[in-house]
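You will see two complexes here that share subunit A, one where it goes with subunit B and one where it goes with subunit C.
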Partner chain A sequence: MNIVAVTACPAGVAHTYMAKKGLEKAARKLGYKIKVETQGSMGIENKIEAKDLEKADIVILAVDTKIEKASRFDGKFIHEVPVAAAVKNAVKVIEDAVAKL
Partner chain B sequence: MYHREIINESLIKLNFHANTKEDVLKEIADIAFNAKRVESAEAYFNGMLERERTSTTGFGGGIAIPHAKIDAILKPTISVIKLREAVDWEAMDDKPVQLIIALAVPANQEGTLHLQLLAKLSENLMEEKFTGSLLSAKTKNEIYQIITSIFE
Partner chain C sequence: MWNKAKKHLMTGVSYMIPVVVAGGILLSLGVIIGEKTAVGEQLVNFGVWTLGLMVPMIAGYISYSIADRPGIAVGLASGVFAAELGTGYIGGILVGFFAGWITNQLKKIPMHTNIAVIKPIMIIPVLGIGASAIFMWLISIPLAPAMTGLENWLNTMSGSNLLILGFIISAMMAFDMGGPVNKIALAFCYATLAEGIYAPMAACWIGIMAAPFGLSLSTLLFPKKFSKSEKGNAIPAALMGSLGITEGAIPYAVATPLKVIPVITIGSGIGGGIALLLGAEAPIPAAIGIWGLPFVHSPFMLLLGLIIAVVIIAFTVGFLRKESDIYDNEDAGLSF
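On to the complex of A and B.
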C-alpha cells in the first residue's frame, strides 16, 4: 500500500506538523509506505510530485483549510479528514481510508 | 545557538495555579508581554482564544499547545507552563491538561529558521518519550534543556 498525504491547518504552526508525524508513525506501524506533504507557515514542504502520485493507492488529506495545488489529486482515491483526526489517532485515519478503498 | 532566542527560563513557569483554560492563556500572554515578546498581552490572549475556538489544542496526554500568529507578536516564542492542578481543556482525549506549551509567531514572520524550530517541536510532541520527559521534569532548567535538545 502506497499512501500520499497532505496536512494543513489555518495557522500552519503546530497541527500541520503534528499530523505529519502522526501519519508517518501510523503508516510505519501498519506496514504501509507514506509520503506526507506539509502546507504550513513555511509553504509547501516535501511536495508530492507526479511520480509519487503515480504509485499512490490512497490520498489522505488531513486539512482544515483549502490546500494549494489540490487539482493534482483529481481522479485519485481521496480520504479527507480534519487535521485533528490525524493528530489524535492517525492509525484510525489510515485504517478508515484503506477500508473505504 | 538560535534556540536561545526562542525560549529561555523566564518564559517557563512551574506550579502555576489556574482554575480555567482562560486563566492559563492569560498567564501565557502576561509572561510573553513581560518578556517583551508581544506588544499587547490582550492581543496574544485573544489570538490564542480564537484559535482554541476553531478546535482544541489539547492534543491528549495532559498536554496542550495553544498558539497564535498575529501582528502584535514581536518575536517567535515558546513558553511553558506547568500547572499545580490540571484544568479542563476540552482536549481530544477529554483528559485535563497539566502541561502547556504555547507558541507565538509574528504574522509577517519571514525566514524559516524559527518556524522550523516550532515545526520540529510540534513533531516531537507526537513522541511519547519527549512528552514523558517534559511531564516529569521538575525544574525550569530541565524543561529548557529538554526542549532545546531537539534543536541541536
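On to the complex of A and C.
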C-alpha cells in the first residue's frame, strides 16, 4: 500500500509537522509506504510529485485550511480529516482510510 | 457546512498571522524606544501600517479559500472597505465570505470564448468588488456602531470586569488545548487587537502557555506520579508552550482527563484574570509565544499572572494524581 498525505494547519508551525511525524510513524507501524507533504507557513515542503502520485493508492489530507495545488489529487481516492486527528491518532486515520478504500 | 466555513476562516487566519506578528512587533518596538524619538515614531508608523493589512488579509484569503485566485482581488478590496467603514475584523470576516461567494457566482456567467478573457480581468473584479461594496455598506449600518460600542465597553473596563474577562479568555484558551473553544477565544482576541485593544490578547497568552508549562513542571515536582513517556514529553511540551502551542498538554489530559482539564481551565483563568487586573496588555498575537514577552505592555504583570497559573496547575495536578494513574503507552507521548 502506497500512501501520500498532505498536512496543513492555520498557524503552519506546529500541527502541520506533528501530523507529518504522526502519519509517518503510524504508516511504519502498519507496514505501509508513505510520503507526507507539509503546507505550513513555509509553503510547500517535501512536495508530492507526479511520480509519487502515480504509485499512490490513497491520498490522506490532514488539513484545517485550504491547500495549494489540490487539483493534483482529482480522481484519486481521498480521505480527508482535521489535522488534529492525525496528531492524536494517526494509526486510526490510516486504518479508516484503508477500510474506506 | 460548518466545517467548510471553518476551513475558509482558518485559511484566512493562516495568511493573516505573519502580518500581525510583524506589525505588532514593529509597533511595540517603537513604543519601547519611545514615540517621541524619530526612530520610535517611524517604527510605530510602520507597525500601524503593517497592522492595517490585517483586515484586508483575512477578507482576501477567506475569499481565496472559497473562490481560488479570482477571489483574492475581490476579497482584499472588500477587506479595505470593512476596515475603512469601521467594522474591523468581524466585518472583514463577513465580507470575505460574501466576496468568495459572489466571485463563485460571477464565474458561472456564460460567455462566448472570444470574449471570455475579459471575465477574470474585468467582469469578476469590477462586479465582484462593486457587489461587495454594496454588501459592506449595508452591513456597516448596524455593525459599525456595534463595534464602536464593544470597543468603548472594553476600553472602559476596569477592576473586577477585567478580572472576569481575563478569566474567561484564559480558561477558554486552556479548556480544549487548541480545539474549537480555544479558537473562538482566539478569534475574539484578534478582533479586539484589530481595534487597538490589547488586554484580551494578554489573557490569551496565559491561556496558551500556562497548561504546558504547568504540566511540565508537575512532572519535575512529582516524578512518581507520571509515566515515563509523560516525563519524556515534559521538555517538548514546555518548548512548544514557549512557542505559543498548547497542544503539548494533550497527552497529560488524555491519560487523566478529569484530573487535568478542570485544573488547567481554572488555573489558567485565575492567572489570566490577575494579569489583566494588573494591567497586562499584549499588542502582538500569542502565536510567537514567550519570546514575544519583551514587546508586551507591563511584561512583569503578564509574567506574574503566568507564574501564578503555572504554579497552581503544577501543584494541583500533582496532588490530584495518584501513582496508580500511571500507564505507559508508547503512542501517548508526542515527539516533536
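Assume the second predicted complex is superposed on the first by the 101 of 101 C-alpha atoms of A that agree within 3 Å, B and C clash if a C-alpha of one lies under 4 Å from a C-alpha of the other, contacts with A are read in each partner's own complex, and residues count from 1 in each chain.
Quick note on the criterion: contacts are C-beta pairs under 8 Å (C-beta built on N, C-alpha and C of every residue); 3 or more make two chains touch, one makes a residue touch a chain.
The model shown is predicted, which means the values in this text are computed figures rather than measured ones.
With subunit A as the common reference, the superposed partners subunit B and subunit C clash. By the document's definition of touching, of the two partners only subunit B reaches A:42; subunit C does not. Of the two partner chains placed by superposition, only subunit B is touched by A:20; subunit C is not.
Judged by the touch definition given at the top, the superposed model places A:10 against both subunit B and subunit C. Of the two partner chains placed by superposition, only subunit C is touched by A:66; subunit B is not.
Looking at the shared chain after the overlay, A:84 reaches both subunit B and subunit C. Comparing 62-70, 98-106, 134-142 or 206-214 from subunit C against subunit B in the aligned model shows that the clashing stretch is 206-214.
Comparing which residues of subunit A touch subunit B with which touch subunit C, the overlap comprises 10-15, 17-18, 21, 41, 64, 84, 87-88. Against subunit C, the residues of subunit A that register as touching in their complex are 9-15, 17-18, 21, 41, 63-66, 84, 87-89, 91. The touching residues of subunit C, counted against subunit A in their complex, run 6-8, 10-11, 13-14, 17-18, 64-65, 178-179, 240, 243-245, 247, 250, 254, 287, 331, 334-336.
The residues of subunit A lying in touch with subunit B in their complex are 10-18, 20-22, 25, 38, 40-42, 64, 82, 84, 87-88. The touching residues of subunit B, when paired with subunit A in their complex, are 51, 54-57, 59-60, 65, 67-69, 92-93, 103, 105, 109, 112, 115-116, 118-120, 122-127.
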